[in-house]
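Working notes, structure below.
Order as written gives the chain letters A, B and C; numbering starts at 1 within each chain.
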Amino acid sequence: MQLNRILIASITLLIISTSSLFSQTTSVPSEAKNKTAPFLFTPETIKTGEQIFNANCKSCHGDPGKANYAKLNPIPKDPASPEYQKNSDGEMFYILSNGRGLMPNFVNTLNEAQRWQVISYIRSFNKSYKQPPIKSTGEVVKTETAKMILAFDKSEKKVFATITDSVAGLRKPLPDITIKLFVKRTFGSLLVAEASTGKEGIAYFNTPADIPGDSLGFLSLIAKTQGNSKELISTLNEKLGVVTKPKNLLDQRAWWNVNKMAPVWLIISYLFGVVGIGITVVYILLQLRKIKKINDSAT
Amino acid sequence: MAESQTNIQQDSTVDNLIKDLFRTVRLNKGFNIWMGFLSVSLVICLYAYYIQLRDGLGVAGIRDYVSWGIYISNFVFFVATSLVGMLVSGVVGLSGQKWVTPLTRIAEIIAVAFAAVAGLVIVSDMGRPERLVNVFIHGRVQSPILWDVTVVTTYFLISLLLLYITLIPDLAYGKDHLEGRPKLLQKLYDILSLGWKGRKAEVKILKKSTIVMLILIIPVALSIHTVTSWLFAVTLRPGWDSSIFGPYFVSGAFVSGLSCLVIAMYFFRKNYKLEDYITDFHFDKVAKLLVLVSLVYLYFNLNEFLVPGYKMKKFDAVHLRELLAGEHALLFWSVQGLGLIIPIILLLIKPFRKPLPMLIIGIFVLAGSWLKRYIIVVPVQEHPFLPIQHEPSNFMVYSPTLIEILISIAPIIMVLMIISVLAKLFPIIPVWETVVHKGLIKDETEIENNNHI
Amino acid sequence: MEDESKNPKPKSRREFVKNIGLIGLGGIALGSSLYAAKHFEEKKRGQNVKLLTADGKLVEVDLLDVKQLDVDRLTNNQERGRKGIPGKSWVMVVDLSKCRNARKCIDACQSAHHLRPEQYHINTLQMKDTDRTPAYHMPKPCQHCDNPPCVSVCPVDATFKRSDGPVLIDNERCIGCRFCIAACPYSARSFNWFEPKDAEKDKDLVYDVELNVPQKKGTITKCCFSADRLRINQLPYCVSACPNGVYYFGDENEDAITNGTTKETVRLSKLLSDNGAYQLMEELGTKPRVFYLPPKNRLFPFSDNTENEKKS
């Protein structure tokens, strides 16, 4: 019986997923499913969550419970629906972070706290919801005293990060911490390398050599650890990029360029034509004056 | 005035001839009514333009996709028709065809009128006409519009100068043959004639100047219409993106210009009683010339449509289907048939080369010429590369509004006014040249040249 | 017209002058209508306007005093608008597999640039390349070509190419000839056929070339690649408004491009090569700055969802 039910359910699920080509294209890992919010949901978190929701989610999902979602194909789910509320907090967090199907990810646009605030807002539509107890796991760096230093090793020609924590006045290396290395770009940070700290608390990065830097080849690097409450950030400016000499588009003579930068032959031909006609007309006018002169002198 | 100084033989035949040709220089009731009618019509049309200035170009039927409508068709037509001055006086005149003499002034007046008004037509198509001065302040030498402004202005000035130069001896005659005309007009004649006496030296200068002008006007006239065709040909749009647009337009211009000349010839001959000067022979000659240029135009048409039609490239195919078999097919084939092919056939038959049949044919050809410009300008824009979507229905197809039509009629009225006034103020047949060609006075420069040989 | 030779009645000078006058009438009418057109543009004198000073005080000053200031600010805006942001070379990538015609880009764009609903700087088109290939939605902004046919033909340098890529329009200079509309193969340009939508609201705004606001009657309006936002290091209006992650925008010189929805920054070269990017009608030689990623692996079927469109 039980097996049959599961079978039917999964077949139904499969049909739904293939027909809408949308729903379950990503399955949530069980580890993520059990994740819980790092704080208690309060009217404040709900209020902030509402603002974030309206700014980022409403354009597709509409107002929860009002079914005024955008008429897209497939239809965006109503977060207030019982069907959606069946998800665990961890599942919601995962979907919100990584996106699902056509829903974009928000890992870069909302920080973890903001994502949890959105979930607290969504949960406020579920009267029967009870927030599970907060588990104190999942944080990479737990203490406030931890520090990360990003530096360049000239002999190894590698960027490295050192993470230490001060314990009783001594700095103790923190191993096994994953660090992401980004390069600063105009509209965001470009992920270039990822590494974990070793026993000495040092992580070496293999940075690609073909990243365009500034006119001297400098790159602005940012290293970040992942975590809920404590995110370590360290920056470094180093000559690791390709020297970029931007070309000025407007340097070339072209049809589309400004008057001054017109093709030389064109300017010459135009002036030649205009001046040529001008001279001829002036010549004719002089001839006419000659006729007048002949007659004026005769009378 | 001391008439003994003039080289003109004042015998009775010459005198009568001059008198006869100055007959038309007189304001009369018919002219006043005609000009009154034109002025009232023009005021109505200008009111339409006032509405356009007040409310914006949107009062016309043009929109984002078909953004060039009958204003631009009109402009192309005007530039085209003005080319007749260069064809008749320049090409035919310079080739030594003496028969063309009585027609040159009509052709030159047509040229001046159409060239002058063409400039105004283009202003009516501008969203910000008060910024016209920007073309001179910020003009970009890369833009065909700048070339067009340059050559149209130049052509107008040259045509005006040519008209004036050939008028000088006539103006001198006029001084003695304008008894009873307004003093102001006589004064005008006096000043403009530069005190012409017809001395050998003067005639020599005049002849030289005329030849220089006739030579100059040919490349300028060719360039005005070539540049006008480039307004279309420099774009990437299928149907405009053609390398033969220059000669295609120029040959078309001769067709529309000559048909306009035919109509003008007929009206001047009839109303001014000029049967002695503009004879059936002239009509016959002009008809043959019209056949020649029409055949050339037909040849270019064949090239313009057959070559892309053979290949049917993606976007060309859409355009050609629409034109040859779709929405615009009736218009297209009427224009090609009634405005080009049938006139050619008819004009090959002698009885049709008489004044009245030619008038009717001329009207058909002229109307066809106007509509041909419409066909060249509008349908292409209805099929851009990318589909027209999410737009109101009046963005999809073009249909001219009443205001737009009125504004387009205004320049036609202006042309009629300019032609009427010029034909009233000055003799419509070149007097001096007629006298010389009839051998009534000796052309002393020719004798001198002969002596040199 | 009747022939006059039979009654050679002398005419007086007065009658002649009268006729000339009649002809002149036409000219006067034309001149006055031109004057009237200019008059419409002039603001009334002796008016007071309220202004917010830099330190946050509201002051009332005579409009005439403001005018000179406005002229200076306008000149300033026009000069700045023509200067590209040094070292930048903006490009856009449109991922067609993600677009499902939400039209949020269009809304954001039209409200930023004060456009009428039928005026598009960016439009989404339903494309079907051949009978046998499936349909897809294609957002189509100005392609900001590096060989822009529209700029080539402009007679007054009103539309121009900037050193950092965008093709902009100065509608304080545009004469409204619409040659650029004729020349653009992407139908990317729109015209202010009537008084713009917000003409009344915007009448005291100083024109900004980079935003092309206020719109002006009788001039062209077009996509600006949100040059005003780029000036302050922000993504264009359409790019940041998209809920579906369709748009990427960035600096070619940095080889990085940022998705407007997810804010994820990726390498431009990798994005283009991994996805078989192409450009719209690049065979015309226009060298566009907008890349398209083909509509492959779509997670939803094509639907003709016209409900998302505003009815005009």
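Everything below uses one rule, namely that a contact is a pair of C-beta atoms (placed from the backbone, for glycine too) under 8 Å apart; a residue touches a chain by one contact, two chains touch by 3 or more.
A quick note: this is a predicted structure, and the numbers were derived from the prediction, not measured.
Core chain by CA centroid proximity to the global CA centroid: C. Across A-B and A-C, it is A-C that has more C-beta pairs touching. With centres taken as mean Cα positions, chain C sits 38 Å from chain B. Between chain A and chain B, the centres computed from C-alpha atoms are 63 Å apart. Computed centre separation for the pair chain A/chain C is 27 angstrom, with centres defined by C-alpha atoms. In chain A, the positions touching at least two other chains are 255-259. Annotation for chain B: residues 138-140, 142 touch two or more other chains.
Residue positions of chain C touching 2 or more other chains, listed in rising order: 149, 152, 157. Within the complex, the chain B residues that touch chain C are 23-24, 26-32, 34-36, 39, 42-43, 46-47, 49-50, 53-58, 62-65, 67-68, 120, 125-132, 134-135, 137-140, 142-146, 149, 180-185, 231-232, 234-237, 240, 271-273, 381, 384-392, 395, 414, 417, 421. By the touch criterion given at the top, residues 255-259, 262-263, 266-267, 270, 273-274, 277, 280-281, 283-284, 287-288, 290-292, 294-296, 298-299 of chain A touch chain B in their complex. The touching residues of chain B, counted against chain A in their complex, run 5, 138-142, 147, 150, 154, 157-158, 161, 165, 168, 194-197, 199, 201-202, 205-206, 208-209, 212-213, 216, 220, 223. Across the complex, chain C meets chain A through its residues 84, 86-89, 98, 100-102, 104, 146-149, 151-152, 157, 160-163, 165, 233-235, 241, 243-245, 249-251, 253-256, 258-259, 261-267, 298-301, 303, 305, 307-308. Put simply, chain C touches chain B in their complex at residues 1-5, 7-8, 10-13, 15-17, 19, 22-23, 25-26, 29-30, 33-34, 36-38, 40-41, 118-120, 123-127, 140, 149, 152-158, 173-179, 181-183, 185-187, 189-195, 216-219, 281, 284, 286, 309, 312.
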